[in-house]
Structure formats: structure tokens, C-alpha cells
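Which chain is which? They are A, B, C and D, in the order written, and residues in each are numbered from 1.
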Amino acid sequence: MAVITITEAMRDAIGEELERDPNVIVYGEDVELSVYGAQNGLVERFGRERIWNAPLSEATFVGAGLGAAMSGVRPVIDLMIGTFTYVAMDQLYNQAAKLRYMSGGQAKMPVVVMCVCGARGSAAAQHSDSPYPLFMSASGIKVVLPSTPADAKGLLKASIRDDNPVLFFEPLSLLGEKGEVPDEEFIVPLGRADIKRRGDTVTIVGVGATVKMALEAATTLAAEGIEAEVVDVRTLRPLDENAILESVRKTGRLVVADEARQPGLAAEVSAIAAERAFDTLRAPVARVFTPNVPVPFSPPLEGAVLPSAEKVAAAARRVVNGAT
Amino acid sequence: MTATIDPDLQLRLYRSMRSIRSFEEKVAELFYAGRLPGFVHLYVGQEAVATGVCANLRDDDVITSTHRGHGHLIAKGARLDRMMAELYGGIDGYCHGKGGSMHIADFSVGIYGANGIVGGGLPIAVGAGLAARVHRSDRVAVAFFGDGASNEGTFGESLNLASIWKLPVIFVCENNGFTQFTPTEQLTAGIIAERAKGYDVPGVVVEADDVITVHEAARQAVARARSGAGPTLIEARQWRFRAHNEGEEAFIGGEWKYRTKEALEAAMQRDPIENLRLQIDDPDGVARIDRAVAEAIEAAVAFGEKSPLPPPEAALDDLYA
Amino acid sequence: MAVITITEAMRDAIGEELERDPNVIVYGEDVELSVYGAQNGLVERFGRERIWNAPLSEATFVGAGLGAAMSGVRPVIDLMIGTFTYVAMDQLYNQAAKLRYMSGGQAKMPVVVMCVCGARGSAAAQHSDSPYPLFMSASGIKVVLPSTPADAKGLLKASIRDDNPVLFFEPLSLLGEKGEVPDEEFIVPLGRADIKRRGDTVTIVGVGATVKMALEAATTLAAEGIEAEVVDVRTLRPLDENAILESVRKTGRLVVADEARQPGLAAEVSAIAAERAFDTLRAPVARVFTPNVPVPFSPPLEGAVLPSAEKVAAAARRVVNGAT
Amino acid sequence: MTATIDPDLQLRLYRSMRSIRSFEEKVAELFYAGRLPGFVHLYVGQEAVATGVCANLRDDDVITSTHRGHGHLIAKGARLDRMMAELYGGIDGYCHGKGGSMHIADFSVGIYGANGIVGGGLPIAVGAGLAARVHRSDRVAVAFFGDGASNEGTFGESLNLASIWKLPVIFVCENNGFTQFTPTEQLTAGIIAERAKGYDVPGVVVEADDVITVHEAARQAVARARSGAGPTLIEARQWRFRAHNEGEEAFIGGEWKYRTKEALEAAMQRDPIENLRLQIDDPDGVARIDRAVAEAIEAAVAFGEKSPLPPPEAALDDLYA
């Protein structure tokens, strides 16, 4: 198995799908040079009829992705940074997510919109959000956020092959993380969570960046006799509620760690547990998330608002040992 | 000019306009009889635009439409009965009752849907144009939109994208004198067609009381697009004859709040259907069409009336492919 | 006390504030004739230098509201329908909500953006959302949704006087509801929930349209011996968590009723209860909300997805009597 | 032309451009020394635009800026020391460390902030113009933005709104040859200045290697705006001399990937500061300014260096008024 970064894994996924299916095209702002690297080298391999640099007009080029997808093309659109979804919001939330349903199932829209999300390195408020909570309530769209290179590759390939619009978030703080990726071709199906660590004292649900924090926290906690089970949801919509509930019913304790402001994944998972695992819950549910302020610029402020392995571990201790 | 017009084309155009007008007059009647849920925005008066443009299109060409979409759909070849059933909210409607007037679509003839968001359809048409380029096909895409939409951000963005990527897109702006309840000139600076120049796109104005004029402008734009030369913007001018939406009086207390009766009556002299009828040298042909259309409308209403409403559990279908 | 509709109450609120403060202006698409009625008759009273019909360009006229507000004007912007927030999303979520914070507290932005929300009468998918969940995670913005004429008037006046951006949602299905409104001038402060009915068997938290459903449900339930306490959150951001928690701690049972898709208010309130009222909770938390599909057109389908008094009552019975 | 130029004005313009250039050269140095967190986008080469425009403005006039904002801020009168402290993330920065380079603002001199969203500042400037109209004041607002931003939806929307409402707004589009890493002409159809015509707004192109030319174009636009005649679009052309963002090589592997060294060297011959210096007939004045600026930069760095980083709990302040 090759050991590669998440960025390299995504690049391989896109490359393989470009090879496999002539209908796949890639476009976005500066995809030829590829700001975050996932499209690196593609124009050299596939040429400008497959890889297109787009002008700054996110609403329109996302909307064009829908129109192209409904016409048999499979666009992979690089939106660069998650906060740019806001500029394209109507085309995502009100068009992509609804056109199939509104047309009574006529529209088929195989389009992927990918962008980094999360805060890192003082990019400041307008470039640091984790916007996926907004899309959890967008109906006919799928929302993905991997935490490892293998998942990134398998989920991105599944996204490109999916016949629905997929919003694929790349976890900015993990892009350079390395991990093993199978050499043979593989797919990670959308809609399935993954247990990244087994444990029976407490369930920690995370996604993207917080999965790594949860695993680090689990290591610390293990030394204290607390065995955390780490559930990586991987796909936020559709959400694998059963996998989450199964773990919570086993451990009786739940921490949800999410870099986004709330309500979002943390609120939703907490609500699902309070509704459907209530009888097995032995302690209050704890959420770790970014408080409701814009992400500030200065490093100590940025650090103060973001989740961390320490915050996750502290929350786990709280639900295991009672309030402190 | 009439001398050189193909009589078959004249009748074809007449049939399309007549179908739109009669369909919508019936829709108005049904709306006021309380038979139709939701909102309907009628196209009466503007028939020459959809008709003149779509007469140049093939089934595999694509259009995107607006909240005022019936005319575009009929001109592009949608079936009256399934449209009508959709307006009733019935399961035999194009969208099985999920869409309604503002979201009807017929993908089998390239209709990517009416759209409830003003300016929402332009990018989608650009994408259909992109697909044609990717597939090296000579298909084209038409975006219909209003004067109001020309002030939305997607307008400039779409012109630019289609221009630099030389996409086969025809932008058809229907300047019908009003943006909802405000006269266009109070909201829309300059001349819409001229906005194209700044994007290196040809822009033309046509008076849309004459379907032949519209047809010719569209013919040129479609030919340009098919040949790979890129997009065109057509500004088609013609007042809408009816309310912004049927029942607007419940919202704003009646149309004389924003235009005078006299001005409307003057505008209605420019009726594209009458104009064309007077040019056609075949009264029998016209009468035949009138009868056929009337029958088709009757049949559509009957179809809509008897289409069952969907069962509640159908609300969860059709979400994902 | 006058008995007037919510629409009339909002009209009075705007009129009074226009009288009171020459910096208040009103603009939006067709505000002269006023599609939903809240601006009706204002242009006749205040003229075109105070009441402006705006072109269709929601992103820009919302953004212009921020610029005008930072310059000492107090714009009241009518966005007509809630789903049009998507077109203006960047200016709302990424500018209005962040400019003050990012500028270190320099910006002062007294701007109100008002629009109807919720589904009624088969307006279909693109006009029927309740988009407030999206703005609960938007940081420096306040989010309001009244359920009675008195609240509508008092909250709107408070919103216009607030020095922060306020997104003021009008509950479409309740616009014509009549209620008593005090004759003397009054304000309803933002950020405070209101107990619309006292009870000790179960807490029903609602907002906008679901408050009325909760009250109807409470009447039905009372006949069955179930005394519901109905909490109207009124302001979704900032959320009056204490009022909610106090009620839940008293009743030990919680239903959250919300017309929006999730995650949203229902998820957030549920999560807050699962975290901070866990020890007093005697039953699973129940949520009533619109399932994650676009709102369909045909009346039986629309009815199927929306919450109703019956659905709220059923949920309350479930948490009181146990699962059925 | 030089003969008629007021020597005081020349020196004023020189000082502004010199301040911007020296400030940014220092910022680059500090960035590569690892002293500054986050992103910095430098304005080197484009100084004549901010300078020529802002020299026509008063403290109570408003500007909105971009991700590439230092030049606009300095030209409009922001203090170098508080700017520098902000870049360090220090509590004495304009935003107490909450904003950084992409969000610096100084409301006391009408600077409504740099903006991280391309096209995000235009509507805000339009709003400042609206306020001037509401207040019956002769204040004006300037929106600075790039060629890339001219393809965003807010561009057309803002031109239209400012035009129909006759708002005192000057739209200054800085066409610096690149939209991030792509040559402008690959992404931007037509001529940006000409896009104004479709909105009934005057549009002019100026070559921005000459600050006097920019100053004169801006003078006319500002006069027009103050007189109530409405907006103007100025397209100012001048390459950026440095990277899109400092450290771009970490992202894309270096600037020769998207432009040649030769082309850049040729463009750098058009240095607006050198151009002006050669026209100024007062070497002592120039030398005095050079010294004063150097001292101010030193002082700003010292101020930034010693400004404490904010305490973590400050992260929750400044949210609501």
C-alpha cells in the first residue's frame, strides 16, 4: 500500500475517474495550477478540454455544473474554499438540492463540488468556516468530509460516480496527513460511518479534523482507563444514524466533536441520541464545537475558539466521571 | 417582408402561439375557479418570444425557463395534458405533483424546468452549453429570463462565462415592461441588450409583437451558437397583458396601481397572434388550428381533472437518483 | 387594545420607527405596493426619499444595507421571501455577521432584513423554506421570528433600534392572525423567550408557526390530562437557553416543534437539554420538524411534510406516555 | 503635462506611494521571516491607483477595499503602526488582532475594511453612497476591486443599483493583468470599462503607471459623484509586480508557472513611483519624504513587535454592539 497525503489521494481519485470516464471534467478557479493541490498535474495529462480555469463567478459556475450534469457531463468543480459556498448558495441549496425532486425525479445531476473547510493558520473569519452544517438541511444533496487519505480517495471516487450532487469538503488541517491507501482500485460508499477506534466507555463522534483530535484524545484517555470508541461519520448527509446509535447504545456515553459552529452535526447527533438512545444514555451528552463567533485572526484567538484533542478529552472525562 | 415567409412556418408559429394563449386563458379560468393550488404567472402577450425562439430548436437543444414558464414549455414541445395535470397537483403531471407551475420540466424534450428563482436558470443553461462543447455536439441552450433578471448577478456572470468559453448559449431577455409591480425603467439602467457588448457578446433588440422578427433574430443567434462562435443576447420587447401573477389583487389591490388601463390597452394593440393571423393567407389553416388547439385544451383539462392527487407517502420519493 | 393582524402590527412598527427616526429608511422589491403588506401605505406617508423600490439584486441591496448602516442610516430591507436569503447569503452570513467582529468592534450595523418564511398554499420548493436554521450559526447577527401581533410589533421595533444586523422572519402562515396589541408604545426585547402557556407535564418549545400548533395541541392534550408548557423562543439568536432549560427542568419532558428542516432549532434545543437538563429529563426528547425533502407542491404532499398541531400532540403523548 | 502639475500635489502623491511601497516591502520581509501569521497579498506596482484616487477624497468619504488592501488603507489615511500591529495579530492593531491583513479597517477615516471575499466590497460601497444620498451630504464612496471581481455578480448588480439610484459611488477596477494565477484575458470577456455603458454609467480606462492620470480621472469621477450625477467606473491598468500572495510558491510552485520573467521585467519598467519621481523638480523634498517614510516604517515595526498578542478570552468580545 502506498503512503500518501489526503491531497495526493484526492488527486489520484480525480485522475483515475478522468481516465475512466470521458464525461468527467474538472473546473474551478486556477485548477490548472491548483491552489490546494488536488488538481495538480491534471491539465498536463488531460488537456484544456477536460480541465478548465473558471472566472470568479461561483454562483454561475456551480449552476453551470448542474446544467452540464443534467446534460450527461460529470463535472468536478473546485470551489477552492468552503466559505465560497455562500456566494453560490442559491445554486447549491435551492437548485442543486431541489431540481431532481421538483421535477418528479426527472433530473439526474452527477456533479461534485469540492472545497476545503475549517480553520488553520490564521486565514481569518471569511476563509475559515466549516460550512457543512448549512448543507445538512439541504435536501437532495450529499455532503462528504473525509479524515484519512484512504477515505478521501474512496469517497471522492464514489462522489464522482454518484448521480446526485455531492458537496465534498476537504479537511484543511489534515490535507498533508499521510496514510496508507490500497493500491488496487476501491470505492468507499457514501452514507456509511466508520469506527476508527473501538472502545466501550464512551462514544466520540467526529468528522474531518475532529476525528484526528478524537483519536489523539482516545490515546490520552486510554492511559486513564477510559476506552473511547471513535466514530467517523464521513458522510454528513445522508448520515449513518444507525452506526452512531449502535455505538452510543453500547457505551451509554456520547461526546460529539465538530469544528463547525452550531447547530450542526454536533446538535443533530446529540438530538438523535436524546431521542433514540435515551434509555441507554448514562450521562449528559457533551458537545465540543467552535463557539458562535467568526474565526479570529490572531493565533491565540484562533486557538481559543477551535476544538482540540485536549478539549475533546476533557469532554469525554466529563461525561465519564461526571461534571467537574 | 410577409411575401418571403414560408406559409408552413407561419402556421407552425401560429399553432404554437395559439396553444400558449388558449392554454393560459384556460389556466386563468381554472385558477379563479379555485381549481389550481399555488401561484400562476401567465405569459399572455409574450407568446411570440418563446415561439419565435423555440421554432429554431431541436428536441435535443435545451432551454431553461422562469416563474413565467408555460409559454416556453409549450413552444419547446411539452405536452399540454401533463402540464395541466401538474398545475392541478396530480400524479400524472410532469413532476407527479411535486413541482407545480414554477417548476414544470420535461427533460425528454430538453426543458430543464421553469425556475422559481429569478436569474436562477441562466447558469444552468450555460452548463448545458458547456456540455455541448464537451460532447463536441452542435446542440445549443437557450436561457429565457426577464428584464428583472437582467439585474441579478447571474446575468453578468453567465454572459462572461459563456463568452470566454465560447459556449452555444442564447440569452433571451424578455423585457415585458415590468419587474413584478414596478416599471422596468425605474429599476433597470441603460439598455439591456447593450450590456452584452461589455462581455464581447452580440446584443440585439427585437420588438416581440412580431413573431417573424423574433424568429429571424433567434435563427441567427442559434446558427452562430451551433457554429461554435459563442453566445448572443436577444432583448425581446413586449408588454405582458395580464397580471404579474393571477390573483395579484389579493397582494397589492389591483393592477391599476402600477400601470394605467389606457397604457395597457395601447400595448394590447400589439398582439402577436393577431398580427400573425392577419399575415397568414390561409383562413382554413388557421381555423383548423384553432379547432385543434381548442380540442387539445379540453382534453388537457379533462386529463388534469381526473388525475389523482398523490398519496402523502410520495412526499419522500424522488429525492436522490 | 387594538386587535390587528401580524402584518398590520409590523406595518405599525415600521411606521412608528420611520416617524421617530429620520435615519430609518425602507427598501426592497416592490415595497411601494408591498407584496406581503408590511410596507403598505408607507410611500404615501413618507415619500420616495424614505421608501425605495429596489431592483432584483438581493446580494447587492443587502450588502448596500450594511454599507448604509455603517454610515449612520438604519435600513429596513424587505427581502420578500425567506428563500431569497440564499441569493444574498455571502452578504448575510459572511459580511453582516462578521464585519463588526473582524473590525475589532469598529463597525456598527443597524440594519434589519425582513422576509416571510415557511410554507403555505403550495408555493412549492423554492419559495417555502424556513431558512432560519442557517442563520443560527451566523455569528454577529440576530435572528427573530414572532408568533403573535404584539410580539411582531414589539420585536420589529426592537430590531429596528438594535445596532446589530437583525434577520427578521415573518411567519407566513400566521400573517393574517389577529391578536391584541397595546395602544401605548412598547418594545419586546430581543433574546427573551416567552412562556405562551403554563403547564407542568411537558415542555413544548416552538417558534413562529409551530407556537400556534403547540397551543392548539396543548388544548387537546389538556382534555387528556396532559398540561403542556409552551415556550415561544421568539429570538433564535441569541437563544434564551435559560428559559428553555428552566421549563424542561420543571416538566422533565421536552418536545421541540420547528417547521424547518434539521439541524436547526429543534436539534439545538434538544442538544442543550441533553447536555444541561439531562438529570431532570424523564423521557426521550421528541422533535417535530419537516423531513429533509424540498417542500412539495401538491396539497396532500405539502400537508404530509409540514408539522401540525396533531403531530405536535402525538409527540407530546409519546414523551408523556412512552413510545407507542 | 508635468508643467501644469501642482508641486505640492506631486509630493503628496509621492509620499503616499512611497509609504505604500516601503510598508509592503517591509511586510514581505517580515512575512518571509515568519513574523506574520496568515495571508498577505501585496500591492507593489499598483500604488498609483489607490494614491491617485484617494488624493481626491476627504476623511468623511468612504472606501471599501479587497484582499489586497494595504495600499488603499494607507492612501486613505490609515496609520502605519496600527496596521502593522494588526498584521502581527497584536491587540494594538486596528482590529485588536481579530481581522488581519484581509480585514483591516479604520472607520475613523472612512475605511470600511479590506474584504476577503472577491466582489464583497462593491455592495457595501453602494450602501455608503446610499447613505450620502439619504443624508443629503456630498460624501462619496469608492469601491476598489480587481479585474477578477468584475466577473462576480455583485459587479453588475452594483453598477445597476448605483446608476438607477444615482448614487455617489466611484467603482475603481484594478486590472492588474491577473486573476490570482490566470491571465485576465483568459477569464474576462471584453473590456471591463465598457461594461459600464450597459448600465448607463460612464466607463474610462486609465494607464496606472502614471499617478497624475489616475488622479485626474478620479477627480472627474468624484466631482461627478459629489454633484449628484451618479457613479463612474474607472478601469485602472497596471500589472502587479509581486506574487498573488506572498508564499504563493508553497501553493503553486512559483510565479513563472503563470507569467514569464521577461514579461514581468518589462511591466516593471512602468513603475509609477519612479515615473513620478522623475517628474518632480524637488530632490530635497523627495529625499525628505524618503527619510520620513523610512522612519515611520521603522516605528510601525517597533510598534507591531511590542504589541502583545490578545488573551484567549478576547475571542468572545466584539461580536455585538
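In the analysis below, a residue touches a chain if its C-beta (ideal position, glycine included) is under 8 Å from a C-beta of that chain, and two chains touch if they have at least 3 such contacts.
Remember, predicted model here, so these are calculated numbers, not experimental data.
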Key: Shortest contact path, subunit B to subunit C, counted in steps   = 1
Ask   = Cα centroid separation between subunit C and subunit D, in whole Å?
value = 40
Request  = Can you check how far apart subunit B and subunit D are, centre to centre, with Cα atoms defining each centre and the answer in Å?
outcome  = 44
Ask   = If you average the Cα atoms of subunit A and of subunit C to get two centres, how far apart are those centres in Å?
value = 30
Request  = Enumerate the residues of subunit C that touch no fewer than two other chains.
outcome  = 54-55, 57, 59-60, 83, 87, 90, 94, 101-102, 124-126, 139-140, 292-294, 296-297
Of all residues in subunit B, the ones touching two or more other chains = 95, 97-99, 103, 115, 117, 120, 151-154, 157, 160-161, 164, 186-188, 319
Remark   = Among line, ring, star, complete and other, the chain touch graph is complete
Request  = Within their complex, state which residues of subunit A touch subunit D.
outcome  = 29-30, 32-37, 53-60, 83-84, 87, 121-127, 291, 293-294, 296-301, 303-305
Ask   = Where on subunit D is subunit A touching in the complex?
value = 37-39, 89-90, 95, 97-100, 102-103, 115-120, 148-149, 151-153, 179-182, 186-188, 251-253, 257-258, 309-316, 319
Key: Sites on subunit A touched by subunit C in the complex   = 83, 86-87, 89-90, 93-94, 97-98, 101-102, 124-126, 129, 133-134, 136-137, 139-140, 237, 260-268, 270-271, 273-276, 278-279, 281, 283-287, 292-294, 296-297
Remark   = Residue positions on subunit D within touch of subunit C in the complex are 62, 64, 93-99, 103, 105-107, 112-113, 115, 117, 120, 122-132, 134-135, 141, 153-154, 157-158, 160-161, 164-165, 317-321
Key: Complex contacts: residues of subunit B adjacent to subunit D   = 151-157, 159-161, 163-164, 186-192, 194-201
